[in-house]
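In what comes next, subunit A is part of two complexes: it sits with subunit B in the first one and with subunit C in the second one.
Showing the complex of A and B:
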C-alpha cells in the first residue's frame, strides 16, 4: 500500500501547526489588550474561517493564490514556483481553517490569566517579553497546548479547501482525506477502509492528548517561576 | 395537560399519515421530473429543460449534473431518478439487466427506453495563452508540461483519457504530473483557472468554457466511441413523461440546442 498520504498529511499538519502556534498566540495576546469594540470586530474576522464552509475558503484561496492572481503570478514570475497544485498548497488551506481554533483557545486562556501575576513580575523588574515567556505561557500552558492539539487535528482532517487548491495527484499531493474520497469514488472500498482506520487511530491519540491537558491553570507555577 | 399532549400527538400523527399516501389519482399536473445527466451536458440540458417545460405545462424538470460514475452509484443506492443520460455506455450497461457488464445483477433500465442521445469528441484543452505551449497529446510526456488535469477512473472522460494515453504509450510515465478531478467540470475549471497546464475534456466543455483546443482524439487513438446513451429508470414515478423527455432530446428542437455547442448526433 502506498503510504505517501500519511506522510504528506502529517507534514502538512505539523508545519501548519507550527505557523498557527506562533501567529495564533501573538494575535491572541495582542488583541486581548485592545479596547472592547475593536477586540470584538477582530475576533469575528479571525474566527470567520472556522464557520465558513471549507469550499468557500478553498475558493477564496484559489482566487488569491492562483496563477492568474496578483500574488500567484508574481511568485510564478520571480521565483518560478507555483503556489497551487503542490503539496505545500495544502498548508495555506490548513493554516486558514485551523487558525481560529488556536486563536480562540489562546484568547480564552489569556483572558483568564490573573493580571496580578503580570504586575508582580513587573515589580521584580522583569521585561515584558520575559514576563510573557516565563510567566504567562507556563501559567496558561494547558489552554495553549489544548489549542495547539486542536489546530493540529483540524489541519490533519482538512478536505474541502485542500482538494481545490492541491488537486489530487497520488504520490505527490494526495492527503489522507483526498485519498479516501478518491478511493471511494473509484469503488476501492478495501483500501478506503484502511485509511479510515488509520485516520481514526490518529484522531484517537490526538483527542486523548487533549483530554489529559484539560486541567485548570495553576498560578502556583507562575509564582515558582518568579522566585527563580 | 397530559390530555392536551395526547391530543396533539394524535393530530400530528394523523397529518403525517395523510401526507404519506401516494397521490395516484392526480392527473399529469405538477410533475417533477428528475433527470440525472453527465456533467458535460449541463449547459445544453438546462436550455432543453426550459424548452421542455414550455412545451409541457405542469412539468418541472429537476437536473442533477455530475460525473456519470457518481450518478450511477447514486441511482444504485436508491436516488430518485426518472431519466439517466450517461457520458459512456459503461454506466448504463452496469444498470441494465442481462448486460454482460452488469456483474452486480442490477435492474434499473426500463426495457425499450435506451437510446443513443449524442456523440462527443475528447480534446486537449489549454488555458488562455497556452503558457506551456502544448500542441498535442504526445507532448504530455515532455518536460514542458508540469500539471495535467484529468478525470479520475470513475469519470467517463477520465476513462477515455486513460484509453487514449495508454494507446499512445505514455500513460504510466505521466502519472506524477496528473491531478485527478471528480467530474469533467472540475477538470475544465482547473484548466480555465490556469492551475493546470492542460486538461483532457470534451470538445463541448472546452467550447462552453471558452478554452482553446489544441488536439482532438481520433478513432485511431480512442477506439471506444464517445456516445452518450440515455434511458428511463424502472423506478420512475412518471415513465410516460420521462420517455417524452428522451424523445424531446432526439427531436429537431433538442438536437439544435445540442449541436450548437459541438455535440454530434449518432445514428
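Showing the complex of A and C:
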C-alpha cells in the first residue's frame, strides 16, 4: 500500500498549523484589545471561512493564486513556481479554512484572561513581550493548545478547497481525504476502508487530546471561581 | 511626594482628581464605582488621563501640556491589586523573582530569599498561588512589590478580600510595614474601617471629584459633605433650620426637635448624628440640652451593643427615624413601643453645608 497520502496530509496539516498558530494568536491578541465595533467587523471577516462552503474558499483561492491571477502570474514569472496544483497549494486551503478555529479559541482564552495580571507585569517593569510569553501564554495555554489541536484536525480533514486548489495526483498531491473520494469513485472499497479507518484513528486521538486538556483545566477553574 | 491633578471621562461621569500625598498613608474613600481604582490606574500608567499632570518624587510621569507619558514600566509604582494579581502559573518563588528588576540587584535569588524570610513565606516557596491562603497571597504580592523597589505603594482595598479572622492579622502586618518603609502610601477603599485602621489622612472621592484632604479623625467629626458623612458611617441626617446662630440653636426639621450645638454655622443645611452618639436619658431633670422624645420601633441585639430604631416627633418614616446603637449592659434600655428620651451631646452633632 502507498502511504504517500498520509505523509502528504500530515505535512500539509503540520505546516498549516504552525502558520495558523502564530497568525491566529497574533490576530486574537490584537483584536481582543480593539474597540467593540472594529472588533465585531474584523471578527466577522476572520470567522467567515468557518461558515463558507470550502468550495467557495477554493474558488476564491484559485482566482487569487491561479496562473492567470496577479499574484500567481507574478510568482510564476519571477520564481518559476506554480502556486496551484502542487502539494503545497493545499497549505493555502488548510490555513484559510482552519484559521478561524485557532483565532476564535485563542480570542476566547485572551478575553477571559485577567487584565490585572497584565497590568501587574507592567508596573513591575516587565517588557510587554515578556509579559505575553511568560504570563499571558502560560495562563491561557489550555485554550491555545485546544485551538491548535482543533486547527490541526481541521487542516488534516480539509477536502473541498484542497481538491480544487491541489487537485488529485497520486503520489504528488493526493491527501487522505482526496484519496478516499477517489477510491470510492473507482469502487476500491477495501483500500478506501483502510484510509477511512486511518482518518478515524487520527481524529480519535485528536479529540481525546482536547478532552484531556479540558479535564485538566476544570479543577483549576473551579478553584479560581471559588475565590471570586 | 506624589502630585496628582488630572481628568478622565469615564462611562457616566468625569473623573477629576486633585491631591498631593506625602510620606504616610493617604486614604481615598469613595463608594463603589466612583473612580477610585481608575485613579490608581492613571497614576500607575495603566490608563491614560484625558488631561492633567502627575509627578512622583520630582519626576514628571504624565503631563498632557508637554506630551509626557511614561510607560507603567518606567514609573516605579508599587500597585497591590485587589485580588493581588499573582501570576497563576508561577510558584511563590517565581512570582517574587518576577518582581525583581534585573538592573537593581546582582543576585536576585538572594534578595528573594531575604523577602521569603522577612515575610514568613518559608515552606510555601514552591507552591502555586491557588494553593496558599488569602493572607499568604497578599504577603507574596507585597513581597513582589517590595522587591521591585517602588517609590510609592498603592493598595486597592487591601483587606476586603480577606475573611474577618485574617483581617486583624493582616492589618497589623500592614501597619508595621508602612512604618518600616517610610514611603508614600496610597490606599483606596469604600470601607471606612480600612481608613480608620490604616490611614493617616483621607480624601473623599464621590462622583469623580475628591474633597480636600483631612485627617482621619476630622473625617469622623467634621465630614465635608453629606456623602462624606455617609462614608464616614454617619447614619442619621436631618434638614436644618437655623433659629439662633449665636446660641447655636436650630430646628432639626426631620426629627421635629430644637437642638443646640456650637458647631452650627450660617451655611449649615443638614445635621447628622452617628448611631453611637445617642444615650438614653435616665433622669429628665438632670439633662437640659438636646433631648429627643422618641418611641422605640424595633430593637435587635448584636451582643454587646443593642440597636434601637426609634420614631421622632418629626414622624416615623424616612429621615425622621433614628438609628441608634446603645450599650446592652445599660439595664434601662427600653422595649418596642416604649416612649422614652434620647440625648445627644452638642459636640457629637455634625453639620453639612449641602
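Heads up, the rule we're going with is that the second predicted complex is superposed on the first by the 214 of 228 C-alpha atoms of A that agree within 3 Å, B and C clash if a C-alpha of one lies under 4 Å from a C-alpha of the other, contacts with A are read in each partner's own complex, and residues count from 1 in each chain.
Simple rule for what comes next: a contact is a pair of C-beta atoms (placed from the backbone, for glycine too) under 8 Å apart; a residue touches a chain by one contact, two chains touch by 3 or more.
Quick caveat: nothing in here was measured; it's all calculated off a predicted structure.
In the superposition on chain A, A:135 makes contact with subunit C only, not with subunit B. Of the two partner chains placed by the overlay, only subunit C lies in contact with A:127; subunit B stays clear of it. Of the two partner chains, subunit B is the only one that A:168 touches; subunit C does not reach it. Using the contact criterion defined above for the overlaid structures, shared-chain residue A:114 touches subunit C, although it does not reach subunit B.
The touching residues of subunit A, counted against subunit C in their complex, run 114, 116-117, 119-127, 134-135, 138-139, 141, 220, 223-224, 227-228.
Taken in their complex, subunit B has these residues touching subunit A: 69-70, 131, 146-147, 149, 152-154, 175-182, 190, 193-196.
Those residues of subunit A whose C-beta lies close enough to touch subunit B in the complex are 62, 66-68, 82, 84-85, 167-173, 181-182, 185-187. Residue ranges of subunit C in contact with subunit A, taken from their complex: 41, 44-46, 71-79, 81-83, 85, 87-89, 98-99, 101, 130, 144-145, 148.
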